[in-house]
Amino acid sequence: MIRVGETLLEVRGLSKRYDGFRALEEVDLSLQAGHVKGIMGPNGAGKSTLLRLLAGEIEVTSGSVVFAGRAVTELSVDRTSNLGISYMPQRPSVFPALTVEENVRGAAQTSLILNRTDDESSVKTLLDLVGLGERAGVRAVELPFGEKRLLDLAMALATRPRLLLADEPTAGVDRGSAETILGLLRDLSLPDSRGDFGLKGLIFTEHDREILFDFPDEIGFLHAGELIVEDVPEQVKSHELVRNYLANQRVFEDFKGDVGKDA
Amino acid sequence: MSKLAFGLLNGVVWGTVLALLSSGLNVVFGLMGTVNVAHGSLYMFGAYLAWICFSFLDSFWLSLIVSPLAVGLVGVSIGFLLKPVRKDPILTVLGTFGITILLQGSTLVLWGGTPRRVPLPFDSTFSLFGTGYSFYRIFVALVSGLVLYCLWFLVERTKFGLRLRASREDPELSSAIGIPVFNLFLLGFALGGALAGLSGALIAPLVSLTPEMGLRIFAIVFLIVIIGGLGKIWRSVVVAIYFAVFRGLASIFLDSTKGLILTFSLALLVVLVNPSILGRSSANANGS
Amino acid sequence: MKDSGTKLTRRSLLKGVMSGGLSLLAGGFNSFRGYSNSPITIGLQAELTGGLATYGYWHLKSARAAVKRINAEGGIDGRKVRLVHEDTETDPITGSRKMKRLILKKGAELVIGSQHSGVCLASLPVSRRFSVPYFPIGEATEITGSEGHEYVFRLNCSVEAHAEAGYRWIMENLGTSWTVVYADYAMGQSALEEWGSRLETRGGRIVGKIAVPQGTDDFGPYLQKVDPEQSDVLVIILYGPDALACLRRSAEMGLSDELALFGNTGSVEALDIDFSGAEGLWSITNYPRRLEGTPDELMDVNRDFRDMVGINPGGRGQKGRIVDASHFWVPWEVVNLLKEAIEAVGWEVNRDYSRLIEYLEGADIPGSLDYPQGDKFIRDVDHQGFHSQYIQRVDGGKLEIETELPPEYSEYEPNADL
Amino acid sequence: MQMEASWNLGKLLTVFVVVLTVFGVLPLFLGRFQVVLVTEALILGVYALSFDLIFGYAGMLSFGQSIFFGVGAYTILYSFKGGLGLAVSLLLAVFVAGFFGLLVGGAIVRIKGAKFFLVTLVGSILFYLLALDNRWLTGGSDGMVVPTVFPGLAENYYLVLGVSVTAILFALILVRSPLGLVLKMIRDNERRAGLLGYSLKKYKVITFTIGGGIAGLAGGLYAYTSGFVSAGFFHWTRSADAVVWTILGGAGTVVGPFLGAALLTVVSDILSAVVGNIYPVVVGALLVLAVVVFPRGVFGLLEGTIRNWKGDSGG
């Protein structure tokens, strides 16, 4: 049992290379239970790569990841997911031919043989939570972008994660859905509401500075695969490179093509 | 010893021809991510055209022009037909498989099941390790090599090739910067078809023609492309020659079906233990 | 803007579909005829598509010609003969279904079988199940051996009969050291065993056994294994495209100049042998392709027989198709044999077949227009027929008959006692 | 697939009882050959269903189903030769073929997309070659006769009907179970299914095992009812048959494969009797048409039609 204040995630010297390209270089990072961490940085800085490494979706080149006292560096994505790390990918990733309800049920179900009633009720709770209760019977492919993202979040939560890794949860999402998503993330990160889902920590990446400096406990700034600074928001804001980045963010945003995304 | 040397040389010759055949599949598959299962049947069609040229127009040589053109046209038609599903790898496999059945069935209806024969265009042979070897085989290998070189040049060294590769890498971006992706898709099919047709015409005098000849060779050609790596024409050539030499030697030194089983098993093993050869393209093709 | 008057309710449509569907199915039902005076129905399993399509084409012509002739002469015991046929697609699974279709749907009371041994073997259980006499043409020995049963009669020689006749002739005329190139599946493998064991017990020697998979394109590596210094004869047990490819490559490699080439019945069957690679090839056949090769005393009846089937003296049909001379006579003769047997025992439809079977067992069949291939007999223990075989040679692009081997020459030890 | 999914149990049960009754009395209306044909169509439907579980539900385009069909058929042969009864032999066919499914599935589970098609294709070519090469075991291309007394046509029919119904029920329960949902998730979006904690390997192997077992059942039934087996059972064109039937009937549904198998069995029977060799041309054209115009098969077309009625009567 992890308590607030204990270390939930401990990352040491994490590196990732693709055919000689350094996507991530010697990243050290830790997250205490009960904390929210925001990761920022320009496109191609390695934000997605970092989250996917933590989730076990791609193989680590070197370094170690310890989650809740257990080494998970070598584990595949389904194993880490079962240990309680849930990764919400950068772009909506739903099951297009299945209904919204089936999408979430598939993520929530705990038995392979029988449809258990407590699974059913948690599906209902989740759908209501993200505001898709009315859309339960719609095929996921027919949802607009923002609702797909809500569905994404519902699925990510349905696995009852202890650590949620959300990759740009609001990017490209309409205002209404974005507010729902952020509201949920904010609420879930409040100590007293965490009990419902057992969520102990949240790491998310984000472009928008307002969101970033809104509620995370700590912020990390990634640049060219290196974690330049990791600290409380005020400290990070004053770092020279971060100031530069924030000033030039518009320029960065115009830059198309995220190197890390498909690798 | 002479058996070994014969096996090697004959394998190189046969492998070059296989490489030409596989290059056509490679153009469509490797460069555009579309698996044309009908490629073998296009080759069969090219070979039958050679037979028609020989039997009815009295000139085999004519088929070296007629087959690539006509089969290239068939290739374009296939591309056109499959336009709606070209982004779905599984539906394209199924669609082109349907075309395979269609082409093979039509050949049977049109020209019957009797094996057809095109005589060797050159009568002369030379002695290769104690047995006769037709000059035509050397000719076929040389022509195949030449065409392969031209193809390599086209794909790797010209603007057209660059566009072809670009449209494979990122269709959306390519459309955005003004590359007519669909036209390139058709052109790729035309090129693939023309290569299949040419291979068929070249090989026609060396084999017995039956409607099933295309499907029979398809699995081998597909294996060669996969093992060689997509879009990598020279590596396909190496694998094709390797395959032909190995199979030839296996049939010289082993019981035949066992040799075939061994060849297929090893090829399958290579594919199974190294799934990253297909790497990115399959991941992209399957992404949602 | 909906017109409710023409709208179908789901219920009525469902009803319509169901009754329509049933009547459609029932409409296809062909009632099983079983009364005397009605025609006698003979079924033919023919390969009209697939690898042996050429064979089936001729078998159908041959059977049709025989039926036409009998009907023109008043039928069998005054009853007309009806020929029904099905295409096996050269595939045992389809063939077995087509056998059932012939018997159950088309009412065949006797079935002339397929050229494809696999189809024949797959049809044997069907023939036994429905107690319908079956006259396979496929040559696998076990059809009248380990897998045979009382309803199965094969008029033409089996692989073992070819081996029995052929090996002696080769040993006496071409040589005793052989290299065998054979198709690496059931047909070739069993032929190799049967030819090889005979050769070796008589002091001959098999220098090389070269198995070739079906559909081989490049014969080079396989033929490279032939050692002309060691062997006198290259025995080729292949058929169709493979035989063609093998002959062409062996000519290219110069093997034909160094040793004698001898092919089984399939090696030249229904193939155009008018090319240099085939020149000088010896082979064994059940029946000459060219009229000239038939025995003098039967030359006239054979001319008539070929006329009726539509084959010219050179062995081609009107469209230039080459006949499968070794086998196409079988349906003709089976139909005539059935006429003879039925008239002799007074058999009626749907009655006991036992007297018919009794008549056929051990039948002696003299050469005539009914049996143009020549004299033959059916052995009673295994229902296997024996007839003359011929050794032929490709000479100037034509198949010339060299020798006739009389029926007794082919007779081997029976493999079954029914 | 939506229709099947959206139907509740009561509705499904009603349809089931009606269909079962129709099939139960069918032999009374049919000629003897029609009974044979329907029997065969049912067996082939079971076979196509086994492919559909792998392709239509788990998204793997396998050209290797003939491996399990052949294994099931030869299991029956040797089980009968060993003196075992029909029920035990059929069970044995399921288990042995399922075991082969486990092995094959385990070997190829990491392969994806078009390459999966190739690997399974070469796999069935290999099994065919092995069957050809080991004539002592398989009888090679000529095959072997299954040592059994042929039952009556009606007995055969009801046996096959019973087995088919069992297979359909099993499949219906399976695809509506949580396991079935996982398979559909893997088909729809492998990556996300993995992210949600499902081991792709494990579920793909499970699917192959189940699919293999059902194909083995079909192969066993086929060997039993036709009385023979041959290396040709392994030929990859048998795999292709299952693919074609399923695509034409409607992949991702339980009924589709049966529709496709029945339709093509009847079409082939009619066509080959009428025009002979034009059959492959028709099948090829139909397949292309199916892929380009109605990717959800005949069942999808039917479903669309029914939906239109519903829409009309509602409005």
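Observations on the structure shown:
Note that the chains take the letters A, B, C and D in the order they are written out, and that residue 1 is the start of every chain.
We take it that a residue touches a chain if its C-beta (ideal position, glycine included) is under 8 Å from a C-beta of that chain, and two chains touch if they have at least 3 such contacts.
Since we're looking at a predicted model, the values are computed, not measured.
Centrality by Cα centroid goes to chain D. By number of C-beta pairs in contact, B-D leads when B-C and B-D are compared.
Annotation: 37 Å between the Cα-based centres of subunit B and subunit C.
Averaging Cα coordinates per chain places subunit A and subunit C 72 Å apart. Mean C-alpha positions place subunit B and subunit D at a centre distance of 32 Å.
The centroid of the Cα atoms in subunit A and the matching centroid in subunit B are 46 Å apart. Within subunit B, residues 108, 257, 260, 288 each touch two or more of the remaining chains.
In subunit D, the residues that reach two or more other chains under the touch definition are 129, 132-133, 188-189, 191-192, 277, 279-280.
Shared interface positions of subunit C, i.e. residues touching 2 or more other chains, are given as 49, 53, 184, 213. Residues of subunit D touching subunit A in their complex: 1-2, 5, 177-179, 181-182, 184-185, 187-189, 191-200.
If you check the complex, the residues on subunit D that touch subunit C are 22, 29-34, 36-37, 40, 129, 132-133, 135, 139-146, 150, 153, 222, 226-228, 230-233, 269, 272-273, 276-277, 279-280, 309, 312-313, 315. Residues of subunit B touching subunit C in their complex: 3, 6-7, 10-11, 14, 108, 112-115, 117, 119-120, 125, 131-134, 203, 206-210, 212-213, 216-217, 244, 247-249, 251-252, 255-257, 260. Taken in their complex, subunit B has these residues touching subunit D: 29, 35, 81-82, 84-85, 89-91, 93-95, 97-106, 108-109, 219, 222-223, 226, 257-258, 260-261, 264-265, 267-268, 271-272, 275, 278, 282-283, 285-288.
Touching subunit B in their complex are the following residues of subunit C: 49-54, 184, 210-213, 215, 217-218, 220-225, 240-242, 244-245, 248, 252-255, 270-272, 275, 321.
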